[in-house]
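Got some structures for you, see below.
Common to both upcoming complexes is subunit A, partnered first by subunit B, then by subunit C.
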Partner chain A sequence: MWVSLTGLYVGRVDSLRVLFDELRRSGYFVVGYRVVDGVLRLGELSSFDELAQGVEDVQGPGRYSLISGSFYRHGPDSPKKFLYPPYLTLFKVSSGWDVVVPVREVRRLAFFGLKPCDLASIKVLDRVLLGVDDYYESLRKNMVLIVENCTTPGNTCFCSTMNTGPRARDSFDLAYTRLGDKLVLEAGSVLGLKLLNVLEVEPIDDATYERFEATMRNASEKARAGFELNGLPEELELRIESKVYEKVTEKCLGCANCNMVCPTCFCFDVLDVPLIDGSAERVRVWDGCLNFTYGQVAGGHFRPDLWARYRHFVLHKFAYWVKQFGTFGCVGCGRCITWCPTGIDLRETVRSVLRGGKSG
Partner chain B sequence: MGKYMTALTPLKATITRVRTESWNVRTYYVRLPEGVELPKPGQFNMLYVHGVGEVPISVSDLDVESRVVAHTVRFVGSVTKTFELLKEGDVIGFRGPYGIGWPMDVVTGKNIVLVAGGIGLPPLRPVIREVAKNRGMYGKLIILYGARTPEDLMFSYEYGDYESIPNTEFYVTVDRPSDGWRGNVGVVTNLIKHVDVNPSDSYAFVCGPEIMMRFAVQELLKKGFKTNKIFLSLERRMKCGVGLCGHCQMGPYFVCKHGPVFPLWFISRYFWVDQI
Partner chain C sequence: MRKLKVAVYKFSSCDGCQLQFLNLEDELLQLSDLIEFALFYEARRFVGSGPYDVAFVEGSISTPHEVELIKKVREESKVLVAIGACATSGGIQALRNWADAEEYKRYVYPRPEWVEVLRYAEPPSKYVKVDYEIRGCPVSKDQLLSFVLQLLKGKTPPTLPVDSVCVECKRRGNVCVLVAKGIPCLGPVTMGGCGALCPSYGRGCYGCYGPMIDPKPDALNARFKELNIKPKEIQLLFKQFTNWSKEFRKVVEEYE
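Showing the complex of A and B:
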């Protein structure tokens, strides 16, 4: 685990362009947010000007819009889209039964301007996929993480509660914070230190430091979910038969948007695609526990009711994940709240379950 | 199991024989590809029909010398229905064996009660074979088996063999008798209370539809079996077999890798919860 190597430095906001260009020059595919159809989408950027600027995302349960502003958080995409693609051909079986595993070029990705919640999501995926998924691992090992600390969390954010933000504490290469036209920088790795050396920076002065701390403190207050993590897995499991799940899912459509936008949901389905030449491809595609077929077998169905599928989503993130991987599966990014077509609020679900008794 | 790009890659395997078990069930004998370890009782393999899909199928028999493994398949789903077209000499994709099977080491010297429902008998047949082969190593063997109708009974051609295993009792029942049926009628779980066995030195292995297993467990608990002496083989949707695709989760457990065979005490917190 990396930590801050440098302490805090201060530079100017326009040095972000220098940083971006330096990454491109070093051969990285830079991935950042750009505006597509009025939404922030993560994509590969060929120049700094493609990076979304002058916009702010307004998020709420079931609501997302972009207005002009100076700070944005995220859109529906998370790093998962690149590290664990929604559609990946695993291999091809020829008609003569030769199994051909595609050889893939290892790309060096640089995530630019990810928020701490998404940095945390990569740390969660590391626990699930490192040493397991060689595609993930090959990208992960060659990757640069430039993180932007979150000065103004949105209405669906709860990173403070999940201990994942609003300030990145470790596992980044370079973290920056925008304070007006000033930029506070911190390197978290040797590579980050090298990048820092490219920029015009100086050690942070007292006034900027105090402003930085105050900004982070205020941000932290804004990103709370109204429940505590301490004891949460057990408290939720004790209320495993809570009726809250049934009540909440009265307005659930079972669309699995929550699974798709979740930066840590890793479940996949396997498609066997027959091709015209007699061969067949095996493809890994994202699946989600809210999908009807998720718990279905030919002879029956283990979770025919929507509330049971939603309960699995909630308990997996906050209880089972801890047992399986030693960390929470939720990073508090709030995407599942924002992108839920009916605005079901995960924070409210957890609070309601906790308020209720064992069957309340 | 290693990285799953590799783990999900099937090996070529040849069907050496097909045996019809009932109107919608056949057993496919498959020669294990080289390098594949021999499955243990209760483990399963992923069988792949070219271009169609893959299904988890329990091992229902094993011939160690010829390395031929039996998989008993009921034609119910989009993949298993295409099994009907497969014949001797055909090639299928194979990966496995997966999962944790029946705890044969734990039951050495103990009595074993097998409770099987419908297509739940095939995963227990390797246990019967093992007891028959090493008869002195185990105590009394009691086999309780139920199916919906006499036409749904598996392996009826070898019930005589089961009965002739020394110190073994075999009871079979059907939910709905057809003409000419002279045996027991009723659900298999009803047989449990009539069994003469001392639960303190006995283990129960249960496999069948989940609802049947719940009733079986209730009867076994009433009989005095402790939760660490009841083992269940669970069924779930499985796409990977190695604990990654997520579909088989039962509470925090990945049934494919933490199971499919669980002692009841592992899962008792979740087993009774509706639609967990």
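Showing the complex of A and C:
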């Protein structure tokens, strides 16, 4: 499915500021990347000048840094931080046992300059959470998605393989691509079309179009993982006994950073927090399958061995998710690779498992 | 509701953990409506006799006298809770386990023969059954309070986090100092509960909560080597507040 309402338009990079101001004027909380303490962080921006500029993120397995440059990918935060926050009070119980559900202000969020992989992560979360999670749904229904296509994928990016980038194909309101001081734009919704109308743009000319296509083709070549999606769930399940998981897990710490940074990991724990005045709060917090306690149940444990927990992570993303939700659970953002303290590379794990035989 | 009768004991330690009860400044009055500190030398002169519902025990066992005392505490307490790094793994005192305490004695005291110490400073669990552990150097006052409130609500066992500090670090929205700054951090092998205090201030975790559940210190050790962190520095990282815990000790030994 390729949803473009308008086809491609061309404008100037300066028009991003106009777009930003328009969103603010329309009452949106604009969320984008800014540089905080040498790292790109997703946060609410009150002016266009706060948006990160002139930097590039250098990512590799287990390492991250910023240098000066003209194009960046992302940092540890993904939209999940806003749509599915790490702590969410579900309700409170007063000392007299009255249940109080917090009334939440519905914020109109505009993601600005979100990368295609992160857009894809929202599509994945939609399948998991819409109709299930009121909080998610309330934000999702009032949201604008302005996506920046990636002309230069990073070292841990593999969105081409996962079919999620480096160019966004659908589900955005507006997508843009920087080509020098030119901007190639495309609207994907009626709202996006309205926003496009505010900007000074004209239909794309042939030369710019060729340049755009070549740039994106190039980018696409760079964001590959070295395996194919076709038949992947079956191939992996066939090799469920692979010894690769045990081998890889020798480096694993069971720290669950991978789960925490993954934009689609939606697992949670529920904590009951008693307060001194006799009341209590029930809080939902991020959890993940690499944590030991995750698989602990009354009377036993599903996966006491770390390798089995790591295997579950990999197989959920690339096999079980497909059965469960009709989509892969991995969008190829590479965060679990970059932010793994020991630099375990998910791409390498999948390649190794596929290389081996059924029990290799 | 009958008040919970509590005793707070100290062994070889610095008092920092029991002090956390007193640091609960905003809650202390309300708390004293719920529990009675029947024995709490740091806080009051009055000493109420046992048996106690709960004994909070701070400190490691490092003298023969303390061995006898911890046995007595166990006998007179329904629930025994070890609080802090000293009482859960030996703490800072356990650093002397790596050396010869007899020699120290000769240097420090004019009459070393008057000082009676055990060969090792070890947690109370070495000598008696410990029902619960609250980690940290010092323990967090919020965890202490949460633990007490859970007990009062009849939630047994009271639950405290046992997975990695990293989980709390990420939930809190910190940037990983290990990945982004190359600062060695023990968070991936250390039990959560502090709310990732040190990484929240841009420092690596010192591991004061000790090994988390199912920890992998060897893998972290290997990673530190890959990152070219000096052997001495790696050893000192693991040879801190919880150096005598079984899991960290193994790494320390590698570099002895």
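The working rule: the second predicted complex is superposed on the first by the 357 of 360 C-alpha atoms of A that agree within 3 Å, B and C clash if a C-alpha of one lies under 4 Å from a C-alpha of the other, contacts with A are read in each partner's own complex, and residues count from 1 in each chain.
One rule holds in what follows: a contact is a pair of C-beta atoms (placed from the backbone, for glycine too) under 8 Å apart; a residue touches a chain by one contact, two chains touch by 3 or more.
Bear in mind the structure is a predicted one, so any value in this text is a computation, not a measurement.
**Student:** Mind working out whether A:Glu250 is in touch with subunit B, subunit C, both or neither, as first, second, both or neither?
**Tutor:** second
**Student:** Using the superposition on chain A described above, determine whether A:Cys289 touches subunit B (first), subunit C (second), both, or neither.
**Tutor:** Only subunit B; A:Cys289 stays clear of subunit C.
**Student:** With both complexes overlaid on chain A, does A:Gln324 touch subunit B (first), subunit C (second), both or neither?
**Tutor:** first
**Student:** Using the superposition on chain A described above, determine whether A:Asp277 touches subunit B (first), subunit C (second), both, or neither.
**Tutor:** In the superposed model, A:Asp277 contacts subunit C only, not subunit B.
**Student:** For A:Val39 in the superposed arrangement: first (subunit B), second (subunit C), both or neither?
**Tutor:** Second partner only.
**Student:** Touching A:Pro86 in the superposition: subunit B (first), subunit C (second), both, neither?
**Tutor:** In the superposition, A:Pro86 contacts subunit C only.
**Student:** Considering only touches as defined above, state whether A:Glu202 meets subunit B (first), subunit C (second), both or neither.
**Tutor:** In the superposition, A:Glu202 contacts neither subunit B nor subunit C.
**Student:** Can you pull the subunit A residues that subunit B and subunit C both touch?
**Tutor:** In subunit A, residues 272-274, 280, 287, 293, 304 are touched by subunit B and also by subunit C.
**Student:** Enumerate the contact residues on subunit B facing subunit A in the complex.
**Tutor:** Touch list, subunit B to subunit A: 3-6, 8-10, 12, 48, 50-54, 74, 76-78, 80, 91, 93, 209-210, 235-237, 239-240, 244-247, 249-252, 254, 269-270, 273-276.
**Student:** Mind listing the subunit C positions that touch subunit A in their complex?
**Tutor:** 27, 30-31, 145-146, 149-150, 152-153, 155, 162-164, 166-167, 170-173, 175-176, 178-182, 185, 187-189, 202, 212-216, 219-220, 222-223
**Student:** In their complex, what parts of subunit A are in touch with subunit B?
**Tutor:** My answer: residues 90-91, 93, 95, 97, 99, 101, 131-135, 137, 237, 240-241, 266-270, 272-274, 279-280, 282, 284, 287, 289, 293-300, 302-305, 308, 312, 315-316, 319-320, 323-324.
**Student:** Inside the complex, what are the residues of subunit A that reach subunit C?
**Tutor:** By the definition above, subunit A touches subunit C via 36-39, 41, 62-65, 75-77, 81, 86-87, 250-257, 260-261, 272-277, 280, 285-288, 291-293, 304, 306, 338-343.
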